[in-house]
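Going in written order, the chains are labelled A, B, C and D, and every chain counts its residues from 1.
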Amino acid sequence: MSNALPAWSALSPALLLGLTGLALLLVDTIRPNERSNTSMALVSALGALASLSVTVWFVVAGTGHADTGGAITLLEGAVKVDTLALFFTAIFASVTALVVVAAHDYFHDHANPAAFYSLTLFAATGMALLAVANSLAVVFVALEMVSLPSYALVAFLKKDRGSVEAGLKYFLVGALSSAVFLFGISLVYAATGSLIFGEVASGIESLGSLAGVAGIGIVMIVGGVAFKTASVPFHFWAPEAYEGAPAPVSAFLSSASKAAGFVVAFRVFTEAFPLGASLAAGIDWALAFAVVAAVTMTLGNFAAAVQEEVKRMLAYSSIGHAGYALIGLAALSSGSAGNEAVMGAAMAHLLVYGFMNTGAFLFVALAERWGIGRTFEDYAGLARRAPVACTAMAVFMFSLAGLPPFAGFFSKYFLFMGAIENGFLWLAGLGAVNSVISLYYYSRVVRAMFLDDPATPSALDAIDVRPTALYAAVVFAAVATVLLLPGFGPVIEAAEAAAEGVIAASGSF
Amino acid sequence: MVDAFAYVPAVVLLPFFSFLVALGAGKYLPKGGAFGGIAATAGSFLLSLWIAATVAGGRAYDETLYTWAAGDQFELTFGALVDPLSALMLVIVTLVALLVHVFSLGYMNDEGETGLPRYYAGLGLFTASMLGFVVADNLLMAFMFFELVGLCSYLLIGFHFREPGPPSAAKKAFLVTRFGDYFFLVGVVAVFATFGTAAFAGEGSFPALAEAALAGDQAVWTPGGLDVMTWFTVVGLLVLGGVVGKSAQFPLHTWLPDAMEGPTPVSALIHAATMVAAGVYLVARMYGFYALTPTTLAVIAFIGGFTALFAATMGVVKDELKQVLAYSTISQYGYMMLALGAGGYVAAVFHLTTHAFFKALLFLGAGSVIIAMHHNEDMWDMGGLKARMPVTYYTFLAGSLALAGIFPFAGFWSKDEILYEALVHGLNEPLLLGGYVMGLLAVPVTAFYTFRMVFLTFHGEPRTDLAADPEPVRWNVKGPLTVLGSLAVVTGFINMVPVQKVLGLEGIDYLHRWLDNEWGGIDGLSSHHYADLGPYSSGYIAGGEVPTVLVGAAVSLGLALAGLGLAWRLYNVASPTEHTAKLGGIKDVLYNNYYLDELQVWIAYRTEDIAGGADTFDQGIIDGVVNGVSSVSLAGGSRVRRIQTGLVSQYAAMLTLGLIALLVLIGVNGGWFL
Amino acid sequence: MILEALIGFTFLAALLVLLAPNAWAGRLAFALSTVPFVGSLYLWSRFDAVGNALTGGTIAFESRYEWVEVGGRTVSWFVGLDGISLPLVVLTTFLVPLAILSAWTPVDTRQSQFYGLMLFMEANLLGVFTALDFFLWFVFWEAVLVPMYFLIGVWGGPRRKYAAIKFFVYTNAASLLMFIGFMSLTFALGDSIGSLALPEITQAIADGGLETWFGISPGRIAMVAFLATFAGFAVKVPIVPFHTWLPDAHVEAPTPVSVLLAGVLLKMGTYALLRFNFTMLPEQASALAVPIAAIAVISVIYGAMLALAQKDLKRIVAYSSVSSMGYVILGLVVFTEYGVGGATFQMVAHGLISGLMFMAVGVVYNATHTRMVGDMAGMADRMPVTVGILVAGAFGYMGLPLMAGFAGEFFIFVGAFGAPSLPYAPVFTALAMFGIVIVAGYLLSAMQKTLFGPFRLETDYEIGRAPFHDVAPLAVLLAAIVVLGVAPDLFFEMIRDAAMPVVEGVSVDV
Amino acid sequence: MAAVAASIPPQWYLLLAAGVFCIGLFGILTRSDALYFLMSVELMMNAANINFVAFSLYYGDLTGQVFALFVIALAAAEVAIGIGIILVLYRNFGDIDVTVPTEMRW
């Protein structure tokens, strides 16, 4: 299938996203004074969906899969399209689609929404690029390509103090982290003399006296990843950014951008720094991830349990979920059969998370659109006024908590299974404790919406509109969250195939 | 001819159907379903007679009719066992039940009671359960119907549930007997575990196996390799727990006097003639097992003797008619236990029979008096009823003479035989002798309170207007009284052992021969067999059997007459007065039944205190821990969130520190700095 | 296929009722819920399983489709019935329609949601009892929590939110512990299993498939897994000291929910204990026999004492459930035909009886709007039929012969007393049996105080006669209890057949 | 030129880079002025550039140097965004002190 097309076409998902972004700019420049929010949203949604469909088609066709001639490398090996890349591109594209559709209603009265769509699309392009990056240089460039629009997006509401403060903090921490990341890359380059993953890997095997340098570099790269995935200790930006940013942006960052961080991690740490070789050189980055994962999930969940505002609670919970997903790297053990399983489970979790978490933030967007407050109390009795949306929210909450019959159940339990299979009982146990706590605070939302009575009878009169697009996005996310449970087979198999791909590419893992 | 035994289930089921009918359609039927019950019990009675005749015809019946649970480990079944003992019991139960049903027409319907369907349903179910218990062919089935009997007594005692008293009495009755039944149930389970069966009769029955086991040619399970004899004694005592409860033996007798809260016919049927008999009957039923363990027998005898005396003393001071009868019931069952313990199997059954009749008679007589007195039971408000209700008086008198054990009434013969058995066997058995002495001492006391009751009720001058002009009673009251009255006179003659022994007339001890399978029965269930198993040897005083018989009889009769005389002297006057003052301090003790009820109430309260303590512990400690966990983690959460100070430069600092920490960790772990 | 139909239909019914208007959601739900019952009766009539589904017996209505493959283990849709699960399926489908009927009076808001959730829960319960693949089973097991959370939290009493969240979090924590324990067991089995099908796992363990796993010896793995799963299920059962969520949940939950909670949800725990701990890991079970028997006895006595201390009728029944579950544990741990079989039978019996008790108390509550012992007296005078049935049910609870409760308890006792595999079995049994005295104590005194004596009611409600649809389910339940009490072999036969392999499983080790 | 560079042992470059990096970090930790913050980040990035350039010389391949150019460009872009954000910060808070906005915390 793929050999019928020119090799560069393997990049078409990323290209589609990028072109859509440019198209948006074009539209905006040609007719600047026409506030065509709708057309913008439409174009960007179509672009995202187009790229999504192409991606899915590629996955189904097995592009870059070992069975069909293996990964497709382009640009002197700087870029590589394989199942992993496509899998994550699918996540990015679908989240983008959801977000832009929702944004249409969220920014219905905004002065100039056009910039939002183009920025989102460019960020998405950067993510797609991250997914295919095969060289540390490309990784860094793509990473910046994701970060810079994100900073702007967070601070998008220029007159909103919260948005600006969030943007500032996000930017400062981000700049620092990317500097650390970059320095890490430079050290690895210093130690191995290359930026292409494959060559770095071979360099790692023969480090000699430079092991320490490479080690410091690798740990700094871990830091960079931690920033993108909002993991301790680089998580500090997350609560503020997610809380202050416009809700669609929070959705975008907490789902897609996080996933972007993970795709880098999965690829770099398997292909560039194979565990076996790293261990031989005394660089136990899996241990580093284990520590980070443990601290992250604990901090995220415990802090989320005591929040007053739903949005901030979701922010912390997304930190907690970063901790879960990190298990996918932390629970790797050299040469163990369970590696594909656990990493695949982490990827699958990110996919499911892409839907349920985006959905949750979009519900918050809906609430902000309605203009009801942000605290749990403000959500009291919401189910009476908006049963459909609240049911969807309940689905997201229970799914995030890992309860059947929702997809979050499968992904989370497969993650724990993977950890157990590789002998990381303590990680699984910690994850279990955390998910019990998460059950508590997620059910607080459900309780507020369904069980509690509104503070005042007039509290919910603000709910006077039914923003169609937002509803559509939320409901679609909910449906996806439910359907992914019975339909989990292909997902997890694709994810495991992806993991297998990168692990195999790393040769001796 | 048709086989009578094919109708054994019918005997049980007829009253059960009357229960269903009364329950379902009672309120549409005349007399609230009374006739259904009468018809059913009459039918059962006739069938029982037929069955008894068949047994007399030299046949017996032991069949498994229904498999309840067909496990490989144990097979739990229902079946019918008809031998002389159960045949006799069937006749007694059905007859008394029939008479009580008839009497109820007068006592309940004519008095315009409400809830009659419930009443007759209860009677029907009770009769059915009792009959089921009688024909039971294994211990489990016996236990089941034993419990159902308990349920019925609960329902019937609490019949007047709108008043405060009866429900409480019903609760007490069920609870106290339940306490005994607990041991019984443990015993049943133990029997299964030990022998793998609970059948009463036949080669594979557990008494037979136990006999074999003691003989050493049969291996049985015992806990922790316990000695077989010891274990059997334990099992026997466990089952005895149920007996002590149901037959109201010390210390579980306290429920029976309260049970008088129930309607009088119920008292007659349940707490005199049949249900309380269940305990004694059970011992007789599995006597082949008890006879094997001397210790158990001795305990039974001692409990019996003690209860006989103990209850009699309390009966002395009671003012209410039914109370006196209640304590006399307890006392009389004490005699039966004494007999069983003393190896007097036949004597026990004999007294069971006679007592069933004369005690039913006394209760029904009391019922008739109560009707006449418009439900005033205080004897001090009566007096002089003799002239106004002659039928009741003379039948009641017959019953009293029997109860007091005056020659030649029924009670004399049975009680005399009991004492005789206890004496001859007791001469070599100190514990048993103690039982005998207490039984003997109870004789004058019994005579005294019985006639105190008679004189206070019927003799002298009427002490109230009610007594002066009692309400007349109808045929449905007099009829049963007459029947039972005559039975109370004649029943004794079915077993005139002393006469036989003294005059040497062979074969007039019909009951002995009946229970000895002389006309037919099942091997291993004959009185002879039991005697062979039993540990006792006979000893005689005054040189020889005949003198012993005479002396024994003379002594007991003399004592009875003495008691009677004292009662005559004190109460057979125009206007009798309380003489209890003469008793001094003992009086209060007797009035308060030796404070045993208080003791049990105290125990109940302490139990509730413990429960309260447990509840506090549960809510405080255990649930406290559960809630503590959550509050602790939430507190932890609010600590953690403080890290997010909101100051971005502090974020930078913490970020850097975290990174350094990570570097150090991995570095040290990887040994870069070496 | 028929099992899929059964479960699927119930899910559809739930959806349908959810969309129905409140006005006739109750009737619709009842009508629909009778279908699964008929279906389960059909299953019963066609039941042809032999032996225990986990130990290689022939499974009835077996059907299996691969679902997901993860970590070299296939997770499949794998359902089937054996002599242990069928009675519980019948019990579930039997109780739900009655519970729905009993909800008509008390539930007066958001009916369609209520009945929808009830049916949704039923579907998941059926899944729990039919699933033979661990992961599938676990999906249903967890999915039961969600409807229960809402049912308690939305329609419950004053402290419903506290009770709901407590139940929700507590039981979920237990499930996670159990999950980790069991997963480590499956991975310690290495390549000796290719799927998470329970029969396969059981066989593998029996064939000594456990390997040393990350330096942990097979024996220790098995023991750890046993303890983890036991603790996990102990919360659900519940066994002292994990029982404190139960009274709160029961007191707050509306009547029909209490009925299902006591009638079926508690049985999930004992069922799981039997399936996992006592069937898969008999060696560990018999190694720990004495402590387990000890906590069983403690549950019985302690639970009964707590019930004795309560003033709220529902709380009384709730604590007595703790007590009754103790019998079940005792029956399971002794590994005899009557012990294990009796325990299973007792699950059904207690399901019916506790259901009846909660329903009857509920009917009284509908009339009086109080459940406090002190607030009322002489109810028998006003609602004779209800009280009559309540008394009958209470005696059933006390283990009156010829009612289901006695059968279950007696089977357990007779199976436990002489059990060879349990040291001091007679002592434990005799101690546990004393429960039958305490239960009589508190039930009788509670009844005396509330039902009998002169009529008195503190709350100012006019007591009308209970409507037919309140009393009918009581009568039906009572009838069922008596039938099972007179003819226990209706179920006990197939239960024995399925329990024997479990017993033999250990008898080789003892 | 190249010879001189080659004659200097690579460890020195590493140390120099590390030094520069730490200076930048120090600036970030000590200064609360947003512009100082930006400059310090610039320093840290250039520290990385030193490594790239030096070791591309050391290994004799151009990747490092080319990448250094990329980094410089990206740094410029980052500063652009940063200035923009600092601008709106000033508009909303009347100050470019990064420790002022602390409305969202905990």
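Keep this in mind: a contact is a pair of C-beta atoms (placed from the backbone, for glycine too) under 8 Å apart; a residue touches a chain by one contact, two chains touch by 3 or more.
Just so you know, these numbers come straight off a predicted model, no measurement behind them.
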| item | value |
| --- | --- |
| Result of counting contacting C-beta pairs for A-D and B-D, higher pair | A-D |
| Most centrally placed chain, judged by C-alpha centres | C |
| Greatest separation from chain A - chain, by CA centre | B |
| For chain B paired with chain D, centre-to-centre distance based on mean C-alpha positions, whole Å | 99 |
| Separation of mean Cα positions, chain D and chain A [Å, integer] | 27 |
| Inter-chain centre distance, chain A versus chain C - centres from mean C-alpha coordinates, in Å | 42 |
| Between chain A and chain B, centroid-to-centroid distance (C-alpha), Å | 78 |
| In chain C, residues with contacts to at least two other chains | 169 |
| Residues within chain A bordering two or more other chains | 168-169, 172, 176, 180, 239-240, 440 |
| Per-residue multi-chain contacts in chain D, two or more chains | 28, 98, 101-105 |
| Every chain pair meeting the contact rule | A-B, A-C, A-D, B-C, B-D |
| For the chain A and chain B complex, residues of the former touching the latter | 168-169, 172-173, 176-177, 180, 211-212, 215-216, 219-220, 222-223, 232-234, 236-237, 239-240, 281-285, 287-288, 291-292, 298-299, 302-307, 316, 437, 440 |
| Touching residues on chain A, where the partner in the complex is chain C | 337-338, 340-342, 344-345, 398, 403-405, 409-410, 413-414, 416-418, 420-421, 423, 425, 428-429, 432-433, 435-436, 439-440, 443, 446-447, 450-452, 485, 488-489, 492-493, 496 |
| Interface residues, chain B side, partner chain C - complex | 67-74, 76, 140, 143-145, 147-148, 151, 158, 161-164, 166-168, 170-171, 174-175, 178-179, 182, 185-186, 188-190, 192-194, 221, 223, 604, 607-608, 610-612, 614-615, 618, 622-623, 626, 630 |
| Interfacial residue positions of chain B with respect to chain D in the complex | 641-642, 644-649, 652-653, 656 |
| In the complex with chain A, residue positions of chain C that touch it | 67-72, 135, 138-140, 142-143, 145-146, 149-150, 153-154, 160-161, 164-165, 168-169, 172-173, 176-177, 179-180, 183-184, 187, 213-214 |
